[in-house]
Structure formats: structure tokens, C-alpha cells
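The structures come next, written out as C-alpha cells.
Same chain, two partners: chain A is paired with chain B first, then with chain C.
Let's turn to the complex of A and B:
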């Protein structure tokens, strides 16, 4: 009888063939504008997605049913696992996560096909882009079919599965990889547009406008994915850090930094028709670094906690895919980037004015931002690969730790935060001192005043803490300045100001929201890095200890039975100055199947920070080990990341609000304002 | 004047360098050349140096030591680790498995106390005893160069296996099982 997974395998093979049709047809469409080829390519892109989705659903069913005849289910699932973790088990392994990767890739392909309308501006660029997308799909389905088949069957049925790493049994991790993949894979669309530009020999304002939203959605998803991963590491790993400079974390940070640069330089292409070749390079590198990130996780090249597999042979296959996927576009880039056309006849919006911008202008500020982001990304890459490079040269094995990254990445990002709030105030082409200083002076004054209050209140804080907090406040002052500018500057009245704010283009609102997010993130980092505290103590039942402004009392230690683990739970009562009590329960869980254990910390999350209680074992004779951490402002880190993500999504809105959306009175008022 | 194309080829040159290093890194593993266990000299076949280190988690207030001299006459394994070492996290399950066959003594090298305890809380504690090697000198004394490394010591004090790098299922099935068989444990 035909087993369901065989249908899944067949669907995947069919998708492989259809992706080839998609790629070939749309390449032809890009060259000739053949409408039939466009239609065939679009249909193939949709069908590829449907087939991959079907095979993904079939694999998920095998996991839910605990079908241990499937090798992947047998080695990565267990019949005792809760349903949510059976489902997340689908992507908690190498083969399944690759299938998820392809699913998202083809989803983006299908969405691009929806946006590809024949006989429309930019249809040739879109055709080429979707053709390149198809080539990526071919490479990855090929990788699955030929090296990592998730549907492989076992002839001897095991009694039960091999469980799943208990660290992976957490909702944070169940949702973190899909979000991260949405970001990584989403960057493939920007990449496809960049390759399309190189094939067409043209990167202009229309090109930038077509690519903009795809890059923004990928960037937002990547931001959310990284934040979720960091939130998970903090919540699940018992010692309270939010970033460990692990190779895998670095692998997600590098494309994020380059994608951030890409968003800003796309803006310059669209508005000023400059930075074409640089922007194309950023788009190639953003996805290239995503691929390299995936490669680092899977190849066993560098060891990491997150590593699924240590299979150098499979790593070599992925390396060959990267060599082709990134090497060919970069070669094409070297070949054609110097001669990219900047304008096209059909595009009326194209700005023909290509005179060089002045030294003090928004262009140069954005150039500085791009360079700093790329240098930061390169620094992270060097730090991550340095142990490997040294080993290749003289065989010595070394480890590059957080001190290197903090000492190099910190100052670079600090420089960027200095420039960040100034850039939006500068005019394109050439900034006039008389239009900038009315904003710059109040910003400096506001930052100085707030910092003075903070320095007096928090007596004796370090210079680094002052600098980091100061940068956060400085960025906020810049956002306030830009909002004042939107509302009309010194000519603002309350009524017209709010009308202007409501009518402001969404991308500008989104930018300010993302920048506020960066500021809040920075302040959060300062809080955690410079003001955290910890207490470790042995306590008997009913012992009390003071930490910060709170009192902690150990009330009980009891065994607990979970669905697939047993645990010892310690409960600590936290009492604040006003006598409000909160019970915090931390557990040490033992998983018999995987023969390992994890610590579940108890966290009281608040606006001003987290209090963190961790039970560290012990007996009633010797006392129980209790660790108490205070992490001021830690939630600001994820809050800031959340605002960045929302800002990115808002920035997808239309560039200009249409006058038709405004009431006639406000149009009149606008007119009056502009005369005044 | 036509501008030079050379700068546009810089990205591909840098990229190819990356690919070369990555290719070497992987290829050297498949050929066995980059087998972390044969880099540098090996303690295999030699007598273990008798070091004594303060204990990470003493049972009482009095100072207690991990003293290799006290372990003479028994077979044991030594695993050198630190919380800041990602491969040590990766090999934690294998160390747990090893501890089912013979006692494993941990040497916690150049670590912070809290981080070390955090590591044990997260990954479990497979160690019979853990000694603190604050400056790494004791590790060097017993021939350890990098983290993680594992030594299996026979009752007469002879090192019968010196493994550099993390231990995974492969090692448990291969070299470690062979060493355990030599000791008559499996």
C-alpha cells in the first residue's frame, strides 16, 4: 500500500521539476517579455508552493501520529511528547528544518507571482527576479531530495522514538526558527531583485520601489526572529543572559546588520537615484550571509549549542550551493556593477538629477550608516571565523569570546547611534545650517539635561553606562525632533500639527518608530549591562534574605510530576517595600528518556526590570541553593526590538499619503501653511 | 575615461577567501587531518600528573580538594570544561553517558563560579568531583591544551585515552568504548 510519506516525497520531486519550469520560463519572459511564458512561470510558482506545502503537511501528520516507520520521526520524536512539541519537532532537526526553509521560500515565490502582473511597469525585472527565486528553490529542494530526505523509512519499527532534546521543548523555541527563517528566506527576494538588476543591467528608482516592501518584511521578520531567540535564551537558559555571541547568534546578526544597511540604501536609490551598485551588493550579501548562517549551523564547521548535526559531507554540499548562489552573483556584480543603468524611459518619477551630494547631506549620513553597519557585520564575521582561520594557518585552536565582540561591535554601533538621529534632519543633496540647528540645539540640550538628572540620581555610575544611556536619550531626542518637523516645525499650531502627523506618510512614521525601538533597546542594554545584581545563598525553609529593595523567603521545596519529566520545585516569596507578595517557583526538571535535565527559572517580569529566582539543588540538611538575579530594564531590549519590527512593517506603507484621503479643509490648511 | 572595474571584483575575492577557508575546514575533517584529537602531543600511554584542585561545590564549609592521588587504584575519566566553551555544551549529553560507565572528574578551567554553576544547572552534573583550575596551569600539567578535552585513566595511573575536542556519539561508540573495553568495563 502506498504510504502517505511516499506521496509527500513524490510531491517534493514534482515541485523540483516545476521550479525548473518556473525558472526557465520566467528567464525567457525576462528576455523577451513573452506573456505566455510569464503566465506559465506564475502558475509554476503557485503550484510549487502548493506541492511543497502538501509535503510539509504530510511530514507534520507523521510527527503528530508518531509514525515511527519514518526515520526522522523515530529519531526526533517520542509518543509521550505534548502535541505542540510533536509539531515543533518537525523543524527541530536538520531535514525538517530544511523543508520548512523551502516551504517559506516557495511561499515568497507564490507571493511574488501574485505581484507579477503582465503588461505592468517592471514586469521584466519581476520576471527575472522570480526566475532567480526559482533557481534558489531548485538548489534547496535538490539538497533535500539528494542528501537530506525527511521521508526516509525504517524497515525495523522501533518501540518508541528517541525523544527530542529537552532544551528544545519550549514554546519560545517552537516559534523562533519559523520566524527566523521567514527573515532569512525573505531576504532571498531582495537577492533575486539584485541578480535581476545585474542580468538586466539596470538598477533604478523603479527597481528600488519594487524591492522595498520585500526587504522590509524580511527585515521585520528577521528582527522578530532574533528577538524571539534571544528572549528564549534568556528565559530558558538558567543564567540570565540575553546574547552570548555564539556562532549561531552571530550568524543571524550578520544578515540583520546588512539588511538594515540595505533598507537605508534602497531609500537613497528610490529618492535620489544614487548608490545603485552598493545597494545591489547589499542585497546579495544580506541573503548570502543568511545562507552562510544556515551553513555554519549545519555543517559542523564551528561547534555551537544550536548545531543540529555534525556532518562535514553534507556541509560540503551546502558549501557548493553557497559557492554558486553567492559566487555567481558576485562575479556578475564585478562584471556589470560599474555599468548599471540608472534610468528608464517609462519611469516618469525617476530623478534625473545626479549631481554629487555635499559633504553634509542626508546621502553622506546614510553612507556613514551603511559603512558602519557593514563594518560591524564584517567584524562579527571575522570574530566568528577567526578560530577557524587561525587553525588553518598554524593548527592552533583558540576561542573568541564575548570580550572581543563587546570591545569591537560596541564602539561601532555607538558611532552609528551618534549619526542616526541627525540623518533624518539633514536635507538631501546639501543640508543648510539654518534649517538643522533649530533642531540640533534643543536635541543636545535635552540629552544633556536628562543625562545630568540621571547622573545625579544614580550617583557614581560608570562612564560607559553614561555613554550608553546618553546615546539612547540622544536617539529619542532625534525622533522627537523629526516628529516636530513633521508637525510643521516652529510654524506648528496644535490643530494643524496633529493633522499633519495623522497625514504623514507611513514610511516616515515607521522610521521613527524603528528608531525609538533602537533607543529603547540601547537603554535596555545599558540597564542590564551596568546595573544588574545577583545574590547566591543557601537557605532553609522559611529563611529570608534582602536583595535590592525586596525581601525573599524560601517557602517550600517539593517534587513535581510533569508530562514527560519529573521535577523538584522551590518556591520563594518575594515581598516588596509596600508589602505586596509574589510567589516565584523555580524547577529542576529531569527528562528520563533523554537522560538529561534542565532548569526552569522563575521570572517576575516588570516594566523596570526582571527579578529572577533559580533553584540550584540542595538538601534540607545543607540548605537549598537559591540564586536571585535583578535585571533592570531587560524587557526594554525585546520591547525595543518589537518596536523596530513594527516600524519596519509600517514603513511598508505607501510613500505619500494621497491628497484624496484628506478632507478639503485640511488640504486648504496645508496650502495656507505652505504659503505662510 | 573609463573607471576601473577592479573595486567591483573585491567582494567576490573576499568571498572566495571565505569559501577556501570553509572548504579547508570541512575537507580536513572528512580526511581526518583536522581531527582535533591528534593536534599536538598526546598524553596517551603516559602517567597522569598528580594534581590537587579546590572543589567547586564542597559538601561542607571546610576546604575540600579534588586530589588525583586519592583516585589512584581506580579507573576514572577527566573532563576539562568551562561554561564559556560552546563545544562543552554540545558534548554534555555524551559526558552524562560516559559517567554511567565510570566516574568522571571535572576540571572547570578559567571560569566564573556563577557561570559554572549555571552550566551545571542547565546541562546537569555528571561529575563525581569538580576541581577549579582558575589559571589553567593544572590543565597544562596534565597535558591539556584546549577545551574540551577528556582523558581516561587506568587504575595504575596510566592515561589510556587522551581525546582532544568534544565527545559525540561517534567517540562513545569508537575510541571510548575501546578504552572502556581495555579497562574491562564494557
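Let's turn to the complex of A and C:
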């Protein structure tokens, strides 16, 4: 009888073939505008998604039913696992996570196909982009089929599975990889547009308008994915940190920084028809770094908690894919970059008729921030790969830890935060002093006044704390200034101001929301980095200890039985100055199947900070080890990231007026153009 | 401000790129000089690490070596031939176990390694890469290649 997983494998093979049709047909459509080819390509993109989704669902069913005849299920699942973790177990391993990656890739392909409407502005660009997207699908389904088949069967059935690493059995981690993948894979669309621009030989305002929303949604998802991962590490790993500069974290930060630069430079292409080559380069690098982010860390080259696989064949194939995916577009870029400024609306080289911006202009400010973001990303790359390079050179084993990244990334992003709130105040082309100073002066005064109050109130805080907090406040002052500007500046009345604010274009509201998010994030980082405290102590039952103006009393330590673990739970009663009591229970869980243990921290979350209590084992003879951390403003970190994500999503909204350079040209004219 | 010639603007753009890169290179070089942490095994740490310098020490946790001391937890890190006593004032991570690989970070204090961090970024099937390499060098590697 045909086993379900064989259908899954077959569906995946069929998707492989369809992606080829999609890629070839749409390439042809891009060259000729052939409507039949466009239709065929679109249908293939939809079917590819449906087939990959089917094979993903089949794999999920195998996990839910604990079908141990499937090798992957046997080695990564267990019949006693709760349902949620049976499902999340699908992507808690190399093969399954690769299938999830391809599922999201084809989902984006199907969505692009929906947006590809024949006989519409930009259909040739879209065709090329979807063709490139198809090539990426081919590469990754190929990788699955030839090196990492998730449907491989076992002839000898095991009694039960090996289980999923208990530390991964957590709701935060169930959703973190899909969200992160949505971001990583979403950047493939920006990449596809960049390659399409290189094939077509132009990256103009229309191109930027087509690509904008895809990049924004990918960026938002990446922001959320990174924040979820950080939040998970914070409450699950049990030592109260939120960012460890682990290679995997760095690998997600690098594409995020470049994608942030990309969003801003796309804006310049769309509004001003400048920065074409730079923007295309950013799109290529952002996806290139995403690939490195997902796969290099898996290769076992770097010491990381996330390493899934040490299979050299897979590593090699992945390396080849990355080299091709980044190398070929970069070669194309070197060859074609000069043609990108070609503007399809005016049909001539736009550099000749666009006057270049003055030194003090929004263009220059965005250029500066783009540079700083990219340089920061490069710095993170150097720090991440440096141990590998040194070991290759002289065999010394070194590690580059948080102090390195704090000393390099900190100042660079600090500089960027100085420029950030100024950029929106500057006019395109050339900023006039008389329109900027009425905003800049109050911003400076506001920041200085608030910082003066903070310095007096928190007597003796360090210069770094002052600088970090000050940057956060400075960015907020910039957002306030821009909102005042939206409401009409000095001519505003309350009524007209609110009307303007409500009628403001969503991208501008989104920008301000994301910038506020950056400010709140920065303030949160300052709080956790400069004002945290840690108390480690051995306690007997009913012992008390003071920490952060609160009293902590150990009330009981008892065994607890969970669904697939046994635990020792320690309860600490936290009493604040007003006598309010909160019970905090931290557990050490032992998982018999995986023969390992995890620590569950007890966290009391508050607006001004968290109290984080961890039970560290012990006996009534020696005393029980209790760690108490005060983490001021830590929730501001996730809150800030959440606002950034929302801002990115809002920015996907329509611009009120179409950019001036965009005039619609008929498809026939554009055909002529593309053939010429 | 008067408009600058295109050539001057190009020059200024170049200056921005060069200064951003220059700043980054400077920061990276300074940070690499000050903040790189060297990794040693129990056999070479005494000769190669200077007292009080922050380094990493990795190896296997010797069987039956974990004890509770007045100033923290004591255990021994070994590579099969040499060993080093470690004192750690914190709480051991979940994945710490006797007979398994471990990486600690801290300073050498005479003949005791005072750890301020025990890294447990590995699970029972995954050995820290540095420790695995070191054990291979020492010829006591038992895992699969």
C-alpha cells in the first residue's frame, strides 16, 4: 500500500518540476511580454505552493500520529509529547526546518503571482522577479530531495521516538522559527526584484514601488522573529540575558541591519530616483546574509546552541548555493550597475536630468545612515567569523564575546541614532535652515531638559548610561517634531492639526511608529545594561533576603509531576514596601525520555522592570540556591521591537500621492523598450 | 549654503564612506585587541595564560569531582592527561554534567581557575567545537568523527 509519506515525497518532486516551468516561462515572459507564458508561470507558482504545502501537511501528520516508520519522526519526536510540540517538532530539526523554509518561499512565490497582473505597469519586472524566485525554489527543493529527505523511512520500527530536546519544548520557540523564516525568506523577494532589475537593466521608481511592500513585510517579520527568539532566551535559558552575541543571533542581526538600510534607500529610489545601484546591492546582500544566517550556523563551523547538523555533504551543497546566489548577482551587478539609473518613464538616463542633492539634504542623511547600518553589519560579520579566521591562520582557539560587540556596534549605532531623528526634518534635494531650526532647537532643548532631570534623579549614573538614555530621548523628540510637522507646524490649529494627522499617509505614520520603537528599545537596553542587579544566595525554608527594595522569602520546595517531566518547584514570596505579596515559583524539570533537564524561571513582569527568580537546586541540609535578578525596563526591549514591527506593517499602506516621476506608460511602449 | 560642484559632492560622499569605514576599522581593531578571549585546555593553560587574564578553559568535567565549597561550586576539568580545578560562584547550567564537555570563562588564580561563567550552549549530543578539537589533539576523543 502506498504510504502517506510517499505521496508527500512525490508532491515535493512534482513541485520541483513545476518550479522549473515557473522559472523558464516567466523568464520568457519577462523578455517578450508573452501573456500565455505569464499565465503558465503564475499557475505554476500557485501549484508549486499547493504541492509543497501538501507535503508539509503530510509530514506534520506523521509527527502528530507519531509515525515512527518515518526516520525523522523517530529521531525527533516521542508519543508522550504534548500536541503543540509534536507540531513544532516538525521544524525542530534540519530536514523539517528546510521544508518549512521552502514552504514559506513558495508562499511568497504564490503571493507574487497574485500581484502579477498581465497588462499592467511593471509586469515585465514582476515576471523576471517571479522567475528568479522560482530559481531559488528549485535550489532549495533540490537540496531537500537530494541531501535532506524528510520522508525517509525506517525498515525496523523503534518502540518510541527519541524526543525533542526539552529546551525546545516551549511556546516561544514553537513560533520563533516560522516568524524568523518569514523574515529571512521574505527578503528573497527583494533579492528577486534586485536580480530582475539587473536583467532588465533598470531600477527606477516603479521598480522601487513594486518591491517596497515585500521588503517591509519581510523586515517586520524578521524584527518579530528576532524579538521572539530573544524573549525565549530570556525566560527559558534561565540566566536573565536577552542577547548573547551568539553566532546565530549575529546571523539574524546582519540581514536585519542591511534590510533596514534597504527600506530607507528604496524610499530614495521611489521618491527621488537616486541610489539605484546601492539599493540593488542592499537587496542582494540582505538575502545573501539571510542565507548565511540560516545555513552557515547549521554547518557546525561555529560553536552555537543552534547547530543541527554536521553532515559535510549538506554543508557543501549549501555553501555552493550561497556562493551562486550571491556571486552570480554580484557579477551581474558589476556588469550592469551602470545601466540601473535608466528611467523607464522619461526613457533616458535619469542622472542627467535629476539634479543631484545638496550636501545638507534628506538624501545625504539617509546615505549616512545606510552607510552606518552596513558598516555595523560588516563589523558583526568580522566579529562572528574572526575566531574561524584566526584558527585557520595560527591554530589558536579564541572567542569573540559580548565586550567586542558592545565596543564596536554600540558606537556605530549610537552615531546612527544621532542622525536618525534629523533625517525626516530635512527636505529632499536641499534643506533650508529656516525650516529646520524651528524643530531642531526644541528637540535639543527637550532632550537636554529630560536628561538633566534623569541625571539629578539617578545620582551618579555612568556616562554610557547617560549617552544611551539620551539617544533614546533624542529619537523620541525627533518623532514628536515630525508629528508636529505633519499637523502643520507653527500654522497648526487643534482642529486642522488632528485632521492632518488622521489624513496623514500611512507610511509616514509607520515610520514614526518604528522610530518610536527604536527609541523605546534603546531606553530598554540602557535600563537592563546599566541598572540591573543580581543576588545569588543559599536559603533555608522561611529565610528572607532583600533585593531591589523588596523582600524575598523562600516558602516551599516541593516535587511536581508534569505531562512528560518531573520537577522540583521552589516558591519564593516577594513582598514589596507596601506589603503586597506575590508568589514566584521556579522549577527544575527533568525529562526522562531525553535524559536532560531545564530550568523554568519565575518572572514578575512590570512596566518599570522584571523580577526574575531562578531556583538553582540544593538540599535542606546545604540550603536551596536562589538567584534573584532585577531587570529594569527589560519589557521595553520587546515593546520597542513590537512597535518597530507594527511600524513596518503600517508603512506598507498606500502613499497618498503617486511619486511625481511616475507616469504610466502603455505596455506596448514598454515592450519596445525592453527589447531595445 | 551655496551649491557645490558635482565634483565636490562626489568628494564629500567619498569622504563619508571613508570616514565610516575608518571609524569601523578603528573600533574593530581596538576591540579585537582588548576583548578577544583565548581558549585553553587543562594542559596548556598554566604555561600560556597569564594570571588574572580573562580566558576560557574547556574540557571534560571529571567524574565525582563536583563539590560544594564555601565560595561556590568546585569541579575539575580534565582532558584525560592533565586537569585543572575550577571554582565557580554561580549556579551551574542545566546541561552541566560530570563526564561531559564544558567551557568555562574566568581567570587563573595561582593553581585554581576562578570561573565567572560556565557556558552550556550544547546538549548531550553536541560537544563544544573547541573541546572536541582539543580532545582529538590529545587523542582521547571517543565520539564519532
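Methods note: the second predicted complex is superposed on the first by the 646 of 676 C-alpha atoms of A that agree within 3 Å, B and C clash if a C-alpha of one lies under 4 Å from a C-alpha of the other, contacts with A are read in each partner's own complex, and residues count from 1 in each chain.
Basically, a residue touches a chain if its C-beta (ideal position, glycine included) is under 8 Å from a C-beta of that chain, and two chains touch if they have at least 3 such contacts.
Because the structure is a prediction, the values reported are computed rather than measured.
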With the two structures overlaid on chain A, would chain B and chain C clash, or do they fit side by side?
clash
Partner chain(s) touched by A:319 [first = chain B, second = chain C, both, neither]:
first
Output check: A:331 vs chain B and chain C. Expected answer is one of first, second, both, neither. What do you get?
first
Identify the partner contact of A:359: answer first if only chain B is touched, second if only chain C is, both if each is, neither if none is.
second
With the two complexes superposed on chain A, say which partner A:599 touches: chain B (first), chain C (second), both, or neither.
both
Of the two partner chains, chain B (first) and chain C (second), which one does A:379 touch, if any: first, second, both, or neither?
second
Quick one: is A:247 in contact with chain B, with chain C, with both, or with neither? Answer first, second, both or neither.
first
Identify the partner contact of A:454: answer first if only chain B is touched, second if only chain C is, both if each is, neither if none is.
neither
So in the superposed three-chain picture, is A:80 touching just chain B, just chain C, both, or none of them (first/second/both/neither)?
neither
A:288 in the overlay: touching chain B, chain C, both, or neither? Say first, second, both or neither.
first
Kindly list the residues of chain A that each of chain B and chain C touches, one partner per complex.
167, 238-239, 246, 300, 303-305, 307, 397-399, 401, 536, 588, 595-599, 614, 616-617, 622, 625, 627
Help me check something: in the complex, which residues belonging to chain A touch chain C?
165, 167, 238-239, 246, 300, 302-305, 307, 356, 358-360, 364, 367-368, 371-372, 375-376, 378-379, 382-383, 386, 396-401, 403-404, 407-408, 411-412, 415, 430, 536, 588, 595-599, 614, 616-617, 622, 625, 627
What residues on chain C touch chain A, complex-wise?
1, 3-4, 6, 9, 12-13, 16-17, 20-21, 23-24, 27-28, 30-32, 34-40, 56, 68, 89-95, 105, 121-124, 126, 128-130, 133-134
Which residues of chain A touch chain B in the complex?
167, 237-239, 246-247, 277, 281, 284-285, 288, 292, 295, 299-301, 303-305, 307, 310, 312-313, 315-316, 319, 322-323, 326-327, 330-331, 333-335, 337-338, 385, 388-389, 391-392, 395, 397-399, 401-402, 534, 536, 588, 594-599, 614, 616-617, 622, 625, 627
Contact footprint of chain A on chain B as seen in their complex
3, 5, 8-9, 11-12, 15-16, 18-19, 21-27, 29-30, 34, 36, 39, 59, 83-87, 89-90, 92-93, 96-97, 114-115, 117-119, 121-124, 145-147, 166, 168
